Structures are given as C-alpha cells and as structure tokens.
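One structure below.
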Amino acid sequence: MTENIKKNWREKIHEIIYEADTPAGKLFDVVLLILIILSIIFVMMESVKGLSEKMYDFLLYAEWIITIFFTIEYIARVISIKKATSYIFSFYGIIDLLSTIPLYLSFFILGSNALLTVRALRLLRVFRILKITRYIGEANKLTRALKDSRPKILVFLFAVLVLCIIMGTLMYIVEGEESGFKNIPVSVYWCIVTLTTVGFGDIAPVTPLGQLIAAIIMIMGYGIIAVPTGIVSAEYAANKKTIPLRNNTQVCSNCNEDKHQNDAKYCHNCGYTLFNE
Amino acid sequence: MTENIKKNWREKIHEIIYEADTPAGKLFDVVLLILIILSIIFVMMESVKGLSEKMYDFLLYAEWIITIFFTIEYIARVISIKKATSYIFSFYGIIDLLSTIPLYLSFFILGSNALLTVRALRLLRVFRILKITRYIGEANKLTRALKDSRPKILVFLFAVLVLCIIMGTLMYIVEGEESGFKNIPVSVYWCIVTLTTVGFGDIAPVTPLGQLIAAIIMIMGYGIIAVPTGIVSAEYAANKKTIPLRNNTQVCSNCNEDKHQNDAKYCHNCGYTLFNE
Amino acid sequence: MTENIKKNWREKIHEIIYEADTPAGKLFDVVLLILIILSIIFVMMESVKGLSEKMYDFLLYAEWIITIFFTIEYIARVISIKKATSYIFSFYGIIDLLSTIPLYLSFFILGSNALLTVRALRLLRVFRILKITRYIGEANKLTRALKDSRPKILVFLFAVLVLCIIMGTLMYIVEGEESGFKNIPVSVYWCIVTLTTVGFGDIAPVTPLGQLIAAIIMIMGYGIIAVPTGIVSAEYAANKKTIPLRNNTQVCSNCNEDKHQNDAKYCHNCGYTLFNE
Amino acid sequence: MTENIKKNWREKIHEIIYEADTPAGKLFDVVLLILIILSIIFVMMESVKGLSEKMYDFLLYAEWIITIFFTIEYIARVISIKKATSYIFSFYGIIDLLSTIPLYLSFFILGSNALLTVRALRLLRVFRILKITRYIGEANKLTRALKDSRPKILVFLFAVLVLCIIMGTLMYIVEGEESGFKNIPVSVYWCIVTLTTVGFGDIAPVTPLGQLIAAIIMIMGYGIIAVPTGIVSAEYAANKKTIPLRNNTQVCSNCNEDKHQNDAKYCHNCGYTLFNE
C-alpha cells in the first residue's frame, strides 16, 4: 500500500517536472524558465563594475535563492525517475548539475560563480515548454540537416585549418615580428580572423607582399564560405519533406526517453506505460 | 443632394490620395515621394555641423513647409476614408502620424526632430507608386519566403544568442578586464560582433587561450552562417512558382483593404464598390 | 574597282580587330591584352612614391607608347566598321575612348592620368580572346542569373537602405557625437559598415544601449545576407539547363552585332554577310 | 630466387607504407600522423619567443629525430615502388620531399626551417588513414562540386578583381594619401578588404564622398557574395546523387594509381596485380 502511494507520489513529481501537458507541469516550466533568465541577468549584472557594488546584497541573496531552488529541482529530478543514472548522465542532467555547483564552489575558489552562465544552456528547455508544434518541428529539421551535413562540414573545417596553418606560416615569414605577426600561432590566428572575413584589424599586414598574400587569403575566404552554405542548402532542401513531426512532450518515467509518437501509450524504448491523463 | 456631393468629394480625395491609377493620383504620389526624400535629406543635413549653421534658415523653413504638407495629407487621409480607425491604426497610419509629430514636439523637447527620419519608412510607399507589376510581385515573393522561414530563423537566432552568452562569459573569464572584456554583457557583445564576422577590433583577445577560443568562435560563425542561407534558399525555391501576382493599386475607400485581384469590382473584404473608372 | 579593294582592306582590318578566328586576329588580341595589362601595371607603379621617381622616364615613355597604340586602334575600329556610331556609342566604344583621353588631358589637368585605370575595364575583352566555349558559356549563365535576379536584388537593397537610414539615425541619437557618430550621414555609413559585416572599427559604439542596438543590427545583417544568396541560388539552379551556348566570336562588320549562332552565315540583326573564311 | 625474395620484401614495404588495410599498415599510418602533428607543433613552439629559448635543446633534438624519420620514410617510398618517378613527381611526393629539406637547408640559410610547416599539407593523408567510407565519399563529393564550379568561380573572381582595380583607383583619387590610401596598389588592397567584408580598419575613408563610395562597395560585396554561394549550391545539389563512392585504400605498387573499385583485383590503370591479402 505505502509502496503504491509512494509510487504515485513519485509519478506526480515526474509528471510536473518532466512534462508540460498538465496545468501544474506548465506552471512549473514557466517558473523554471523565468528563474533561469533572471539567474543569467543577475550573473551578468554582478560582472558590471559599479552596478555590482550598489546592488551587492540584492544580487547575493537572489543568487542563493535561485541556486537553492535549482538544487531542490535537481534532487527532485533524480528521485522522481526510475533509473536515476539515465537522467544524471544525460545532456540536461549534466547541465543541471553544472548550473548549481559553481555558487557552492565560490566558498572555496574565487570567481568560480562566473561559470553560472552555464545556466544559459538550460534555456534550451524553452523549446519543450513552448510546445508549439511548429517550432519543435523546425528545430528537429534544423538539427537533422546539420547532423546530416556534419561529416562534410568536418572535412571542410579540417581543410580550412590546414590552409590557415600554411598561410599563417607564410605570413609570419613575409611580415615578421615588427608587423604584429610575432610568432606562428599568432599568424595562424590572424589567418583564421581574415579567412572567416571577421577582420579585427589589431594585426594587419604592412609590407606590399604581405598585403598581396592577405588579399589572396581574403578572396579565398570569400569563395570558400560558399561551400558550407551550399552543403547545408542542399541537405536542407533534400530533408524538407521527409521528416515526421514529433511534438509529444511525454517523457518516460522509467528510462527518460522522449520523442514519443503523439498517440503513444507505451514507451517505445522500454515498454513502460506513459501517463497520458 | 448635399450628402451626395460630399460623398463624391470624399471619394475623389480618396482616389487621389490612396490610389495610383488616375493621372491626378499618380501626380500626387510622385509629389509625395519627392517631399519624403527631400525631408530625409534636410534632416540629415541638419545634423551635419557647419552645414547646418550656414543653411539654418533654409532648413528651418523647408522642414516646416514639408511638415505642414504632411499634416494636411494626414488629415485628408483620415477624413476621406469611411472607417477612419482602419487607417489610423494601420502600419502606414502610425508611420504617417509619427512623421509629422516630432517637429511639433521640437518646441518642447530639444533634439526630438532627429526622429523625423522615421519618415524614411514612408519611402516604402514607393513600391505602390512605381506600380511595376514585376517589382510588387518580387516584393511579395520575398516577403512570403521570409514569413515562411520565420519560425526557423527564430529558432536559429535563439540558438545563436545562447551560444553567444556562453562563449562571451568564457571569454570574460579567460581574457579579463585588462584586455577590454570589462564585464559579461560587453563580452557577449564582443562575441556577437565576432560570430557575425563583423569584427570591429575595438576589443580583441590578447592571451593565447583567448585567441584560441576566438578562433573557434569565428570558425563556428563562418559555418553557422550557412544555416539561415540554406533555409531561405530552400523556402524561396519552393515558393518560386506558386505565388499569384497581385498588383492592383486599388484601395477600398470603406475598409482600407488593398491587394485586390486585378479585375476586382468589389472589395473582397467588405463588399464595398471599388472605383475602377 | 578601287571601291572593291578599299572594301576588302576595310574588311580585313575588321576581321583582325573585331574577331578572333584567324591567326592574325588572335595575335592582335593577345598583343592588345598584354598592352592593357602592362598599361594598368604602369599606372599603378606611377602612384607608388619612390618607385615613380626612380623610373620616371621609363614610365612616361611607356605610357605614351601604349596610349598612341590605343589611339591608333580606336581610329582603326571606327573606320573599319560600316556604321561607326554603333561602335562609338557601345559599351566598349566608350571604354576604349576613355582609356586614351586621360593622358592627353594630363597636359591640361594635373592628376587626370590616374583615370587611366579605366583601362582595366578593357580587360573584359579577355573573355572573347580566350574563346573557350566553357568560359563564355559560364559568363553568359552568370550574367543571365544576375539579370533575372535584378528586380529582387533592387527591392532587397532598397529595403536595406531604408533600414540603414532608420538604424543610423537611432544610433546617432543614442551614441551622440563623442563616440564618433558625429552626424546622421556618418551614422548611416557606420550602419552600412556594420550590417554588411565589414566592421572597420574606426567608429564603434561605447554606451551599453548603443552596443545593444549594434548587436541587433549585426544579427539582422547576419540573417539578411541569406536573402540575396537564396535568390541567386534559386535563379541559378532554375537557369542551369535552359541556356543555349553561343560562343561564336564573329562580329557583324555592318552593325557590330555579336552573339551569332555557331553556324550563322548572315547577321541575324541586319542580314549582312558574316565572313566565316 | 634472390630476385623473388627482394620482390617480396619490396612488396611488403609497399603494403605497409602505401596501404592501410593490414594492422602493420594501419600502425605505420597512425605513427606517421602523430609525428606530422608533433612536428607542426614543434615548429610553432620554436617561433614563440621565450618558449623557444627555454626548450631550445628539446626542440632541436625533436626536429632532427622527426626529420630523419621522414627522410627514411621518403627513401622507403621511393625504393618500394616500381616506377619511382610516378611517386616523386606526384603531389604527395613533392610535399614529402619539401617536408624534409628545410631542416637540412637550415645549416646554410637562416630561418628556412620555418618552411617546415609545409608538413601541414601531409595532414591530408589523414583521410586515407581514417578510411571511413563516409568521410572519403564526402571529400570526393566536395572536391568534385568545387572542380565543376571552377570555371564559374574563375570568371567570378576575375570580375571581382577588375571591379577592385577600378574602385581602388577611384578611392585613391577621392581620398588621397593623407587618409592612408597612399598609392593605387594599397587602395586596391583596401578595396579587396572591404568587398570581401573583412574590414580590418587600418585604412578607412574619412571624406564624405569616400565614405559614400565605400558604402557602395560594401553593399556590392554583400550582394556579390551570393554568386559563388549560389553556384556551389546548385552544382552540389546536382552532383549529390550521381557520385559512386570509392573508398578502397589499395595503391598499385607498379604505377602508384589509387581510387580502385572496392573489389578490384588488378590495377585499372596498368593491369598490375593488387595485393588484397
């Protein structure tokens, strides 16, 4: 009997925390989202000189309240799921842990609470909360197009890197230290800055030959940018119609699997019952 | 009888102001366009030191003449339409109002007439005036491709923002205040400047680790730019043939609805007669 | 008889100068190309301090020799064609004239010979000389894709310009003169620099609000760049297979029309005989 | 008999060095890859002041050990292949030679060992070592899309160059030497920096007319970037399905030909037996 009640109690927490189908679940998610955003704003404000001194007490208390809430939420997430490890070692599990630890660490290590902005990653939860069929579908399509393009993009980035090492060394030899190209790593850095068309201008070639090579690098960068764009375009156009939408926010309380079919009654991963009240 | 004459008088003004099919309507639109462009040039000239002192009197009078014309035009637009509110609260209605108010406000608030450049938005009227089938069709296609891509672009921009918050904080921790990364918001700003490949160079990393992270951000930015391009490309290619052109410049004098079929005789929104003389 | 000989003489010059099918015509074109490139290099060298003083005499003579050759060539082009006006007022006719005049003008106006680099435009003749089927075909395809995209690109650029005027004025109001935004035209210029992701960094926002707006402009620019790319991509993909290649270098000696079919015997414009020896 | 043994001995070396199908061949390739990467890191470290002084002895010995290994490997490659010239004059043959010579040269010429980073090109061997079907396929597709786009890209780059020469000269005339546009080549360099949206900011226009022209160049650059992207997109999409994958790492020991079919037993180039043990 007690076992049964405990199970129900755990299932209810699971429903509130992990899902967004019930009013309580939705409310929880909205509160969580607001706290995440507030927390990021507070960490940012803390880094601003002048502002942080004026509002020192407020920011300190606010940080602690939010962190304690996040800690409770983390514990609740761990105990409300059957296989705790499937949550703890998941992407969100690690992010959730990392978003609470830094403040506790700040007792021992100075400046570690700047790491609190890792909480920004928690913002990704927003997509589940909004639960707008369209938006989740779009994110899925985007993710899949990117995933399909990954090997090509890696090959491309590798080629760009080799090119930057070669051209960077060449610029180091041509321009020398007095122009700001003080060693090969810095020259390679400059070459990446130039090839990607960022162009800070803190380092710039001054010799005619250096400027000629720089011009060649720029025109190459200008032409090369077409490659990833072409790849993603083609992949995206090919994927456009073939992806079935899955926008069910149900999460299996046993194995933490999500992305169930809209009308799923059992988890497609472990067969456990889904709670579609 | 008087009612009838008044109605005709209002309909004539409506035809001149809102439409571009008759010679009078075309002339009005061209005069309006020239005044809008002149007005923007005058506001710009006013802001240029030296020039504004030499031409002070001329600019002052010119501004007032144009503003009075715009005010009369605004009133004429309001009274010549049946449902005045449908114009007043429309996009152009608000722009038209905002383009007259600042100068009157300049009696009370210093510098408010710089806001007059909001008139630039009125330039968008040019598309209706030119009434070139092709151009309106192109604008429609572009607008529709952008509208269809909106959810994807929003998801994309959101991901970029989260990335910039994370990387910006990282750079703040790595580089510190002496390199110009004086607080997290500034670091996030720098990260946006770098990821979008703008690269002002007013802030630039100086430590080897900072330059390594910057290089990673740049290469990510270089690869990420492929995503919106791919999306718009695919949407645009998909829409290319499916959009019917609508280039009728008729505007219903009752409900202010435009975008009627070329051979429409009655407003498709309220059933009011369109004046196709 | 004399008339006939003269006609033949004119036709021969026409063949050598305007066409690239015969050995003499090819040789002429190659010599012309080399002279154009040399001429550009000499004008560039002249602008380099130190270099120009050392080589003053050489550069002066070289310039004059090339200019006299170009002048003779221009006269030969005019007299060897039936309807001289069809050449004189064509694109190449004007370029050819402009590439000779500046040096003669340099007797009267100082520095006018810097305009000699207009000769660079003559380099476009290279495509006819190379007469590589593939390259001409590619250039035609590119030109046609760009021509088809023109109305869209114009609408797009107009929208970008209106956006830059609005945002530039906003930045002028927010940042003010002490940050380098000294008047509205400069602010609009800065906005174009930022939106196109060039980012010189000579002017950069310093206030938090200014940096926020700048960040928005950059992200807009980053997203907006997708639009022209998408347009050209789609147009280019659509045109890819539908363009017949025309790589005949024959030019009608009567009306100066080119782009004849490969097996054309008569000018498709005026019916005059083409000389396909 | 001895002839036979020698042949077997040469074939074994060939198998280890040129192929990646056997455990010994794989091990050799991995060791080679690690040495290449280490060698590049050492050359980079050598260029960093302070670091190079502290670790002088270590870096010197490391460089020599790696170079001697590369030299032995080069000799082994030459003697283990039937037609030595087919390797010596191939792309990798030249790279392999260039990656050993600079250190020997450093006895005679100061600073020549900076050229050792040419070894980075050897990294391209990694694709053969990894032997991941997918990655090689992707690299082939990319290479082919780029190869197909080459004539178009050349035409495009040529047009960009002519544009930069014209606009650069114009800026030289408009801005003059006091703004940093000290001669035409520098102005052309600046124009390339601007058109490719790099924008270092070491040179920037200061006169209103110069800024207007710069704005036009930027917007052109912003629009022009669409062209190579569109080309590569279209080519890539067209090629997507038509390329058969070839991921056999076998290299003919007679003629050095690679890219054999997966089930090839004889070299498709010279008919020599392939060793598919």
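Going in written order, the chains are labelled A, B, C and D, and every chain counts its residues from 1.
Here, a contact is a pair of C-beta atoms (placed from the backbone, for glycine too) under 8 Å apart; a residue touches a chain by one contact, two chains touch by 3 or more.
Protein names from UniProt, one per chain: A, B, C, D = Voltage-gated potassium channel.
Given the structure is predicted, the values throughout are model-derived calculations rather than measurements.
Matching CA atoms, the turn from chain A to chain D amounts to 90°, rounded to the nearest 5. When you average the Cα atoms of each chain and compare centres, the chain farthest from chain A turns out to be C. Two copies of one chain, chain A and chain B, form a contact in which under half of the residue numbers belong to both partners. One inter-chain figure worth recording: chain C and chain D are separated by 33 Å, centre to centre, where each centre is the mean of the chain's CA atoms. For the pair chain A and chain C, the distance between C-alpha centroids works out to 46 Å.
In chain C, the residues touching two or more other chains are 156, 185, 197-201, 225, 229-231, 233-234, 237. On chain D, the positions that touch chain C within their shared complex are 151-152, 154-156, 158, 162, 165-166, 169, 172-173, 182-185, 188, 194, 197-201, 204, 208, 211-212, 214-215, 218-219, 221-223, 225-227, 229-231, 233-234, 237-238.
Those residues of chain B lying in contact with chain D across their complex are 197-201, 229, 233. Those residues of chain A lying in contact with chain B across their complex are 40, 43-44, 47-49, 111, 114-115, 117-118, 120-121, 123-124, 126-127, 134-135, 138-139, 141-142, 145-146, 153, 156-157, 160, 185-186, 189, 192-193, 195-202, 225, 228-229, 231-233, 235-237, 240.
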